[in-house]
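These are the structures, in structure tokens.
One chain, subunit A, links the two complexes that follow: it is found with subunit B in the first and with subunit C in the second.
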Partner chain A sequence: MGQLKSLRTIVMFVFVVLYWVAFPLYFRNSNYHLGVVITASILSCISLGVWLTFSIGRINIGQGAFAAIGGYTTAILTMKLGASFWLCLPLSGIVSAFVGLLIGIPILRLKGVYFAMITLCMTEAVTLVFLNAEKLTQGASGIMNIPRPGALTIGTITIIPAYQAGHYLYFYYLAAFLLLLVLIGLWRLNVSRIGWIFRALRQSDTLALSIGINVVKYRLIAYGICCFIGGIGGSLFTVSMQNIFPTSFRVTDSMYFMLYCFLGGLDYLLGPVAGAFLLTGSFEALRVVQKYQEGIYACLMIALMLWLPNGILSLRFRKRALGKELKPEG
Partner chain B sequence: MEQIIVNGLILGMLYALIALGITLIFSIMNILNFAHGQMYMLGGFVVYYLYGVYHWNFFVALGMCILFLAVIGAFFEKFFFRRVLRVARREESSMLLAMGTALLLENIALISFGEKQRGVPPVVDGVIQILDAYVPVGRALLFFLAFVLIVALLLFVQYTKPGRAMRALAQDKEATYLQGVDINRISMLGFAIGASLAGVAGGLLASIFPVFSGSGTAISIKSFIMIIIGGAGVVSGAIVGGFVLGMTESVGYGLIPGSMTYLLIFCAVILLLALRPQGIMGKPWG
Partner chain C sequence: MALLEVRDLTKHFGGLAAVDGLDFDVPEGEILALIGPNGAGKSTVFNLITSYLKPTRGTITFLGKNMTHLGMHEVARKGIVRTFQETNLFREMTSLQNVILAHHLRCRASDWGHFFYSRRARKDEAEFRESAGAILDYLGLSPYRDELVRNLPHGHQRALEVALGMATHPKLLLLDEPFTGMNPEETDTAIEMVKGIRNRGVTIILVEHDMRAVMGISDRIVVINFGKKIAEGKPKEIQHNEAVIEAYLGKEEDGET
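After this line comes the complex of A and B, so read on.
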């Protein structure tokens, strides 16, 4: 067991070094390769929020809505008020979380399929809101030419320099930093008491209630964090794309966020990251089939559920699980 | 105003047909059929090609549409859902599978038919007047056909042997199995009927709404709203939900501009859920 743990640490370390040092150094002049990993990082971030709602036993197909809310918050604040991106980034998360909590109070009472249905409808509703609020969002034509982030200064000290044209490495590190931050945050949450409460909620609301857990409160906390992460991810995505449309995050995108979680495996915190990187990466590698992307995603979803319902990360542990079965004292 | 109400009734009857299909599959197998809208879309294409392009008889085209979707539904049940329901440890699995089938059908349609919007001419020409409202005979025929289909389905579920088995399966799976019912066959039949209901609704509505490969998602969302309003898994709820949505949509499009209608409907649904989470006709659940 100890050996396995140290092996896991080494593998983790290698991945972090690859992600933080080797890849950006090697591809520092290739905006294309950097762009792919930037997208994958942001998508993993947003999917991690979905993963958190899975951990309390709710199927969330509404994450696209909160990514869109975050994106539009950033777009409107920077365009209309000229606010700094560094202010907008946390603010987008807060706005998303606020909306999420507000909607969460009635809908978190629902379970299973019902919750899934209403969150799916919500994605569509949010799209309609942005389509209709033409004064703020310019309707279907979307908001374009969103400014790149400026410098972040406290007093006279520049903490983060301003973005320079064509410099994708900037966004790479921004996205990588955010992903790492979200991962560490969720990992801490997951191993803390709150993490255990979330897992208790997944098993049974009634049981959790009976041992004195404030079910409503913790459900809202989980959903709020999920929406916060979604909002931040949406904000970063919008700024790196420099535009946002009501159709930027559609129902299918919300479904893909779920697919990333499932592909990686719902039992693992790294599941959504593995899923998002694998799918985004492999599609960029196989550009010829990009026309059939949705079809291939669809077949993948079906095949996954038929033969690998616990995700790719579950493959790694198969041997250990078998050993556990033979020696129950572990 | 009479015009709006009559239109709402016609739409409501057809929507009830869609909602019945999804609620049938849901109650029998406890699967939310995300591909319902895509099955509706395929039904529309079957009618478009057979009736609109090859000029077959409309009723024959509808029959083919029922048959085609029933085969697809039975196929999905036998090869996908049966296995996943057996091996899955989480209820999410069947849902992701259903989404996968939805995306697959939509993508196949997109590749084979393209994005073009198509339509078919109405089946019968002429207009009749009811009070102050003018109703094209074609639409009145659709109303009538949908009504006949709904009644036929209700009679089938109520009085025939497989229908009774379906109702039993919806109530208690183990007890049904103990009574000697072939659960696999009944599930397959239920899925096939549910799918063909979506298909036949698509075929009927082909002469009102445009037929195109992307129409599925909107219909799926509408059918979710309908069963949320009425109460999932309850037959009367599906019919009520269908009529409520059809009427609201008709009134909304008549009085409020464009996409605002659906925004208001979404808000109303969320409000309804806060007050009565099980829907109008649904039974309370845990």
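After this line comes the complex of A and C, so read on.
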């Protein structure tokens, strides 16, 4: 067990060095390669929200809606009011979380396929709202030429410098840093008592109620955090692309967020990250098959359910999957 | 004043009155058994007392306060906790984790405190761990503390449900068929445990079909049939009550109790 653990630490360390140092240094002039990893990082963030709703036992196919809400919040605020990106980023998360909580109050009572269906419809509904609210969103033509982030200064000290044209490395580290923050936050949540309560809700909400857990409150906390993460992910995505359309986050994107979780493994916090990187990376590498992407995703999903229901991370840690639950946190 | 006062409790499911004008009191420190033929409405009474269902009519007063408008977790916070007829546990966690979670009402740290692992949160966790260990000890479950609940035999799972109930420090514990599926020796041990819990100052209401257990354990018995109370009294009185005998034996095919 000890050996396995140290091996795992080494593997993790290698990945961290690759991600934070080796890759960006080697590809520092290739906007294409950096772009792929930026996309994968942001998609990982957004999927981590979906992973959290899985942990309370809800299948969430609505994360695209909240990424879109976050994206449009940033786009509209920066374009119409000239607000700074650094203000818009958290604000987008808050707006998404607020909308999520409003919708969550009625729909979180639903379970299983019913919750999945409602959230699926929500993505479509939000797309339609942005398509038709032309005054604010310019409808189907979308919002373009969204300004890049300026400098973040407190007093006279510049904490984060302004973006300079052509420097993709800037967004690379921005996305990497955001992913790190989200991961640390969720890891803390996951090992704390709150994470245990989330898992308790998944296993039996009637028992949770009867031992005095305010089930509605904790469900809303989980869903609110999920939507918050979706919102900031959408915001960063929008600014790195410099544009947003009603079709930027479609139902299929919501499906992908869920697929990343399935692919990586629902029992592992790093599951959605592994899933997002693997899929985005492999599809960039296999550009020839890209037009069959949706078909391949569908087959992949079926294959996963049949042969690898606990995700790819369960291959490496198959023995540990149980151990994690067995070992009390402390 | 009784700990729990139930007055005119009525619950209609469509046209069916599952519970119909039920009145009874539970004084502090008593073990009260609620019995009756299958479908008499016993579990519905439990669901009403714990606010899992809302009554059509009537009141439930606990420590002088009306409980009927509260949510289920709020009722638990006031001190009424139940176990379920169908085994209901967090199956993918260990026994110890189950009992630690059940200490939820005794958390002093806030959610933020737990998130940042504040000093108070650490103290909470250490305290719960110790208390959970003691409860498992008391119920003879210590050897299985790190075992996943889904791997436990049925009898231990039932005992663990009682452990979860105890962990919440209830004033009133509702046990729904706690002795089901136990052999006579296991039942006798379980009876002693339930009595022990009462001696720690917990009032108990239980629904049970095992008449030997009911007669051995309860101070008082309330018998219901078709949602109405048909008898109430000490075990001796109930055994010889005409209405009760008729309810149980008077009709054909009622013998499964």
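Here, the second predicted complex is superposed on the first by the 318 of 330 C-alpha atoms of A that agree within 3 Å, B and C clash if a C-alpha of one lies under 4 Å from a C-alpha of the other, contacts with A are read in each partner's own complex, and residues count from 1 in each chain.
One rule holds for everything that comes next: a contact is a pair of C-beta atoms (placed from the backbone, for glycine too) under 8 Å apart; a residue touches a chain by one contact, two chains touch by 3 or more.
These figures come from a predicted structure and were not determined experimentally.
Visitor: What is the contact status of A:R188 with respect to subunit B (first) and subunit C (second): first, second, both, or neither?
Guide: Touch status of A:R188: second partner only.
Visitor: Under the stated touch criterion, which partner chain does A:L110 make contact with: subunit B (first), subunit C (second), both, or neither?
Guide: Touch partner of A:L110: subunit B, not subunit C.
Visitor: Of the two partner chains, subunit B (first) and subunit C (second), which one does A:M305 touch, if any: first, second, both, or neither?
Guide: Only subunit B; A:M305 stays clear of subunit C.
Visitor: In the superposed arrangement, does A:I244 touch subunit B (first), subunit C (second), both or neither?
Guide: Neither: A:I244 stays clear of subunit B and subunit C.
Visitor: Determine, under the contact definition given at the top, whether A:W196 touches first (subunit B), second (subunit C), both, or neither.
Guide: The second partner, subunit C, only.
Visitor: Going by the contact rule stated at the top, is it subunit B or subunit C that touches a larger number of residues on subunit A?
Guide: Touched residues of subunit A are more numerous for B.
Visitor: Quick check for you: in the superposed arrangement, does A:I146 touch first (subunit B), second (subunit C), both or neither?
Guide: Neither partner.
Visitor: Looking at the overlay, does A:Y297 come into contact with subunit B only (first), subunit C only (second), both, or neither?
Guide: So A:Y297 only meets subunit B here.
Visitor: One more residue to check, A:S210. First (subunit B), second (subunit C), both or neither?
Guide: In the superposed model, A:S210 contacts subunit C only, not subunit B.
Visitor: Applying the document's definition of touch, where does A:A274 land relative to subunit B and subunit C: first, second, both, or neither?
Guide: In the superposition, A:A274 contacts neither subunit B nor subunit C.
Visitor: Between subunit B and subunit C, which residues of subunit A are contacted by each of them?
Guide: Touching subunit B in the first complex and subunit C in the second, residues 206 of subunit A appear in both lists.
Visitor: Taking the complex as given, what residues does subunit B use to touch subunit A?
Guide: It is residues 26, 32, 80, 83-84, 87-97, 99-104, 106-108, 110-111, 217, 221, 224-225, 227-228, 232, 259-260, 262-263, 266-267, 269-271, 273-274, 277, 285-286 of subunit B that touch subunit A.
Visitor: Within their complex, state which residues of subunit C touch subunit A.
Guide: Subunit C reaches subunit A through residues 50, 52, 71-73, 76-77, 81-82, 84, 88-94, 96-97, 100-102, 104-105, 107, 111, 114-117, 121, 124-125, 129, 146, 148, 164, 167-168.
Visitor: Could you pull out which subunit A residues touch subunit B in their complex?
Guide: Going through subunit A, the ones touching subunit B are 54, 59, 103, 105-107, 109-114, 116-118, 120-122, 124-125, 128-129, 131-132, 206, 251-252, 255, 258-259, 262, 266, 292, 294-295, 297-302, 304-306, 309.
Visitor: Spell out the residues on subunit A that touch subunit C in their complex, using ranges where they run on.
Guide: 188-189, 192-194, 196-197, 199-200, 203-204, 206-207, 209-215, 221, 322, 325-326, 328, 330
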